[in-house]
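Shared chain: subunit A. Partners: subunit B in the first complex, subunit C in the second.
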Partner chain A sequence: MNLPSSTLLAQSILAGIFTGALYGLLGLGLSLSWGMLRQINLAHFALAFLGAYLTYQFSTSGGVDPLLTLLMIIPAFFVVGLAVHWVLTRFKITPFNSLLVTFGLTIIIEAVLQWIWTADYRRLESTYAEHKLQIATVYLPVPELITLGLGLGISLIAWQVLRRSDIGKAIRAAAEDAPIAAAFGINQQALGLLLSGINASLAGIAGVCIALSYTLAPSQIYSWIGVVFACVMLGGLGRPMGPIVAGFVIGISEAITMAVASPSWAPLVSFSLLIIVLLARPERIQA
Partner chain B sequence: MTIDRRVFLAAMGAAGAGALAQRAAFAQPKGEPIRIGGTLALTGPLAATALVHKLTGEIYLEDLNKRGGLLGRPVEWVLKDDQSKPDVARTLYEQLITSDKVDLLIGPYATGNILSAMGVAQRYGKMLVHHTFGIPKLAKYDRQFSSWSFGPTPEVSTPNLVIDALASTPHLPKTVAIVTSKFPSVHFVSVGAREVFKKRGIKEVLFLEWDFGNRDFGPIAGRIKEAKPDFLWVGALGLEGNQLIDAMKKIDYAPRNQFYHYPAPGPMLRAPEANNALSVTIFESHPPFTDNPIAAKFVKTFAERAAKANLPDTAVDTQAAASFSAWQIIEAAVTANKSLDDKKLADWLRANKVDTIQGKLRFNGPGNFGDDLSRVKQVQDGKWLVVWPTDWAAPGAKIRVS
Partner chain C sequence: MKKSLLLVVVLTLGLGVIPYLGLPAFYQSLLYMVFHWIALATSWNLLSGYSGYFSFGHGAFFGIGIYTTAVLTSQFDVPFLWTLPIAAAMAALFGVVLGVISFRVKAVRGELFALLTLAATFVVATIVLNTPIDGGPGVYLSAVPVPSIGPSPSATFYYLALGAAFLTVVIALLIYYARFGTGLFAIHDDEDVAEVMGVPTFAYKVAAFALSCALAGGVGGVHALFVSYVTTGDIFTVLLPLTVILMSVLGGTRHWAGPAVGATAITILLYSFTSGDSAVLGKVAMGVILIVVILFMPEGILGGLLKRFARKPAAGPSAADAARFGQASSAGGATPSPSAAGQAQGGPSGKAGTQGHDGGILLSARGVSKSFQGVQALRGVDLDVQRGEILGLLGPNGSGKSTFINVVSGHFPLTSGSMTFDGKKISGIGAHRIAGCGIARTYQIPRPFAHLTVLENVALPAMFGAHQLERRRAEFEAWHWLEFTGLADRAFAVPEDLNLHQRKFLEFARALAAHPQLLMLDEVLSGLTPSEIDEAVALIQRIRAQGTTILFVEHVMRAVMALCDRIVVFNQGEVLAQGLPAEVMARPDVVATYLGKPAESPPQPPEPAGARAYA
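Let's turn to the complex of A and B:
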């Protein structure tokens, strides 16, 4: 086995960081939903792709800057999140059943995507894709830098809000012991709606990042599920910084594997990591 | 074996003229419709191509019924959605035979689904004509026929064809990097290409494989850049080719010469970095293919319907041509035998050649595959143009290699 050059290694690590940031951004909403609301929301991935397609549509047909589409996507997806949460709580869906219900929702959203945009590949041609920064011999593409910035920024904000603000403390209290939290005057239903709306908005933001960097096809929804779930479990449920840190670990380990060995081994490395961590620390999947 | 273009065009011209002349003479079809059953991946991950096959089938049947149908009877296509799933395809073919009681079968597309349909067809002794079966050695059933003319051993013939094309220029590469998806239909050809390049004296400087569904092509692009090959062979399926091109662009690298096995033709055309990229095809929407009146008419109608159906790519290429040819094969066999008997039709096909828009197909080789009629095409200034062999090249097009 030939050792990679420092340039290849550095570029690969950067690629891993960028990919990991998107894993983390996708995983954040999923982790909060699972950890705080006890809802395993598979539709999170479908919503992200809906966001990606809307970004594509607004930018391609309407000439809107892809980042400005966030102004429409965030509030619209917040409402979708409210609706999903209302349905799940109205019918008292258990965590396991939420997986099944949201899987059904994923299939419906995929069918809608295919109906509107067909199954053909769609690529957002944005001005961002034309730009990259160069530091010494390595390149930093602007769309990936945007994803990294959004992923890190939002994760840090979520962490601080949950840790320091009253509303964050209330959410954590309700997640830990809902009856006691309610006895202290915490409105669990309102907080659940708020958090679910935020989670759906996070999916929309991840969708914008997907549209900036990836070619779109409805069936691509499923290619992200395994690795993002791994990030969520590695990062710990309900921990806002967990998915992005785990995303970096998985992204970098996959990228280095691709650079020094066979790219086909990359998934083995990331999922082996997951198994090792879960065996060593099974409490990671407890909120 | 190659087919001389002039002979082919003369034959096809005659066949086309004959068909046109016959049309006026045909009466409207009467009686119980002949029902041809099949599935397509109308939903699911393979659905991007399904509409191409669906439009092609509709265009063909519309024309066939205008020409008097088959055996004087109208022809009806019983089409079901296999959802891109081989297990669903298997169930639906079972239904088509036992419940819908169709007269004939036409295949789905994509290797896994065809293989499922083939197993069912074999159990009931039905003939199966299919479109794009990627691994000829798996085609064991003697009443199955592929309309995709890439020969019984594409793992040898495809890389040889590409090297022949390169050798026709003053820039035969000295080194090659072979990177490939592990998707079965492309993987075995890439593995075969390693041997062929070695035999032809071209040194392999890199061989990489990735799992189908890989998202991060950055490190793969980095390794290609470091290997500095004269020629990059990419065993990519659909989107993967574009993903690799994007990744190479992000690190400011453009390979000197590049080949993509089964690219998504439209998206690749739209990527400026794919200019001069090579691939293989059995048909493109330009002369000399469109000198054949049947092909020309199909290309025109397909472009109109595809535009109406909001398809991003309205040109006829391998998928549509293989699909059209499948219908041509069924029509030829039924017309020649005046029968719908599966055994009779299959025996006739193995013993005879059929004129199709991609060329004259024979079915008497291993796995009922015949000649490899693949041609090398290249992205040139926003168009896919056949560049090799030269007698199939688009007017004025020459292979560009640096």
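Let's turn to the complex of A and C:
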């Protein structure tokens, strides 16, 4: 085990921040739907990959700028989120069963992705990937910078909206005690639909970011579940800044592990961290 | 149960003939996969379906079994079959360690337990990948000799998988009908209540976890040589536990055969699609089935069918049971309990005459304190309960009455102080052991086991607690208490279908079925109508007539004055006054606690007026 040079260390910390931002962006929708709506939405990952594949397709065959696809993906996914929420509430699904139902949805989406785009690896060749900023000796790739900007920006907005706006306060009140909130005139069903739609749109945005920086394969859906759930739990359910802060912590610790030991040791850090938090501070995690 | 066991044995023997029939090899490998998944899903269900602790770590236990066999056969030349028990033992050891650590943390339930086990899977995978156990490239096992069982080499795996499936299903079946299974189902519905009723929840969970892991590990050992090349990437995934959960939920997690049904259906479905060029379609079908089943049949195929075609047994204990256990008919409400177990302990039953105080201290609390993060609910309570008395516990809301019951029953551990019961120290021991000493309680807000019938709810404390009756006997006893409380005609209903009054009486019946020496009633009368209160008061008098000591928390003063031999008044977590009801209620400080201090005139209400004021 050799200590890496300072440049390598700085570069890996940066890489950790970039992956952390994507963890956070993926985790945000998950955390809000779990914490506020008591739905554990596994299909969030499948939706993100659907978004990534759509971005890939529009860019390669239509020449559409990946960021412009957001204009289409955000409203379309919003509608998908509405539909999923409507079904889950219509059947009064328990949190655990919501996990199973959305797992079923994940399998279906995965199969559709595989049917359309095959199981082969796909890589988006965008103009963004060619650009890199250089500060001193470290490089900042543009796609990752976009992810970082989106992740931080959206998390901050979500935080402020939930904290300050009337609608944010209503959502938090309904999450804390639905019957009482309803008695004070809060339309929980409408808020739930709105939040689910936003969460699905967040999955779509995360999908665009995935397409910008990662190689796509349908089976990759499952490789994100563990670590993103770790971020959601570490960050505390329903806290909008939680996933991205936890994402930075996990991303950086993973990146340093990769630099100091080897890439294959990286999962040990994040999951040990999760286990320790679960056992030592379980009250922090409960919504 | 014997019929089910016979069915499994006959089915297994029938399937055992197949390798000799000379069918195409395809059938053997298909059936291998069916047995493989039956064993995995059923082993998962032992902990997760029965007790409700959904584990996402089944991939880890399975994987530990795989790698144990892989390493022992390839690196240490241990004969294949010998590695299987070792694989099971390694997985069980890991399960015990994980269980002992995680079950100590009370909050790690439900989704948190699921995530913890998922995280453990990835930790194990990383360690396996980066150490010589695997090292990265995977382990080739094609050179390992496999002993032949049956007519062909592939029959070896067929028989091993069949054996694993048989063993797992039989264990699931035996547990399902045993006291162990009943305890696990109670944990599923309400773990805290189960513990207070005498179920040793911690030991049960660890035991179920160990068993579940051991079986998964054994299956892994077999599978290692079946696939003959193992990699961490294929084994330690989130997909394996999800598939196992899908199978179990599809079949029904609350039945021993549910996972087997689900596993068979899914495996054959997937196989029939992959045999064509429609693997994608198979996946879609699997997803659709999962969604449809959860939405429309949340109890699974078997759960749904059993509910629809359940035979309603005739109300009342069977004649055979009555002949076996009961000398007297249990029809009359006031007949003393037919339990011999109660009498053997010098307990309450059968001694209808032991009225009043036959002296001696039953429960003694000294300096009992309980604080919740700075809130002092109890501050050094000294209290004695005399054998045979009805002691009323009074006080304004938040004065610590219910906390006291929670501490005595072990629902909450006490912060400081000590308690002895019948001369034995009961502070600092587990709630199930307190129940075993002969203490039972009711909950202010009824907390029945939601998925058990009224009869099963009442039988449970008799199966655990102080007397540990076997099931038939406990159900026979339960019938008696159902009649005693007037619930006999609702015996096969689930608690959801009862009204509040009936639920409160179910709480009564459950506490009584434990044959307690000390019965603690926490506001059993609140919310009842006046005529229901009269019924309940009569019921409590009958209970006491059997010699049971009663600690009675109540706000309904009419009932308190009618029933209690002595009362204790709590205020802000301390004992304010104790003594005879009329005397205590006349004390100015007690009146002040309830009504506040009068503005000018000195406190003067004489006892009857005071009593009426609180009613």
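The rule is simple: the second predicted complex is superposed on the first by the 287 of 287 C-alpha atoms of A that agree within 3 Å, B and C clash if a C-alpha of one lies under 4 Å from a C-alpha of the other, contacts with A are read in each partner's own complex, and residues count from 1 in each chain.
Rule of thumb we're sticking to: contacts are C-beta pairs under 8 Å (C-beta built on N, C-alpha and C of every residue); 3 or more make two chains touch, one makes a residue touch a chain.
The shown structure was predicted, so the numbers you read here are calculated from the model rather than taken from an experiment.
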After the alignment on subunit A, I want to confirm one thing: do subunit B and subunit C clash, or do they fit together?
clash
So in the superposed three-chain picture, is A:A255 touching just subunit B, just subunit C, both, or none of them (first/second/both/neither)?
first
Would you check which partner chain A:T19 touches, where first means subunit B only, second means subunit C only, and both and neither mean what they say?
first
Kindly classify A:L8 by the partners it touches after superposition: subunit B alone (first), subunit C alone (second), both, or neither?
first
Looking at the overlay, does A:E283 come into contact with subunit B only (first), subunit C only (second), both, or neither?
second
For A:V112 in the superposed arrangement: first (subunit B), second (subunit C), both or neither?
second
After the superposition on A, what does A:L47 contact: first (subunit B), second (subunit C), both or neither?
neither
After lining up the shared chain so the two structures overlap, which partner does A:I171 touch, if you call subunit B first and subunit C second: first, second, both or neither?
neither
So, does A:N97 touch the first partner subunit B, the second partner subunit C, both, or neither?
second
First (subunit B), second (subunit C), both or neither touched by A:P267:
both
After superposing on chain A, check 55-63, 145-153, 163-171 or 181-189 and name the one in subunit B that bumps into subunit C.
181-189
Subunit A residues contacting subunit B in one complex and subunit C in the other 111, 114, 222, 262, 264, 266-267
Please output the residues of subunit B touching subunit A within their complex, sorted ascending.
43-45, 47-48, 50-51, 84, 182, 208-211, 213-216, 218-220, 222-223, 225-226, 238-239, 242-243, 246-247, 250-252, 264, 266-267, 270, 310-313
So, in the complex, the side of subunit C touching subunit A is made of residues 54, 101-102, 105, 107-108, 110-112, 115-116, 118-123, 125-127, 129-130, 136, 237-239, 242, 245-246, 249, 280-281, 283-284, 286-291, 294-295, 298
What part of subunit A is in contact with subunit C in the complex they form?
40, 87, 91, 93, 95-97, 99-101, 103-108, 110-112, 114-115, 222, 225-226, 229-230, 233, 262, 264-268, 271-272, 274-275, 278-279, 282-283, 285-286
Subunit A residues touching subunit B - in the complex, by the definition given at the top
4-5, 7-8, 11-12, 14-16, 18-19, 111, 114, 118-121, 123, 125, 132, 134, 138-139, 141, 144, 214-215, 217-219, 222-224, 251, 254-256, 258-259, 262-264, 266-267
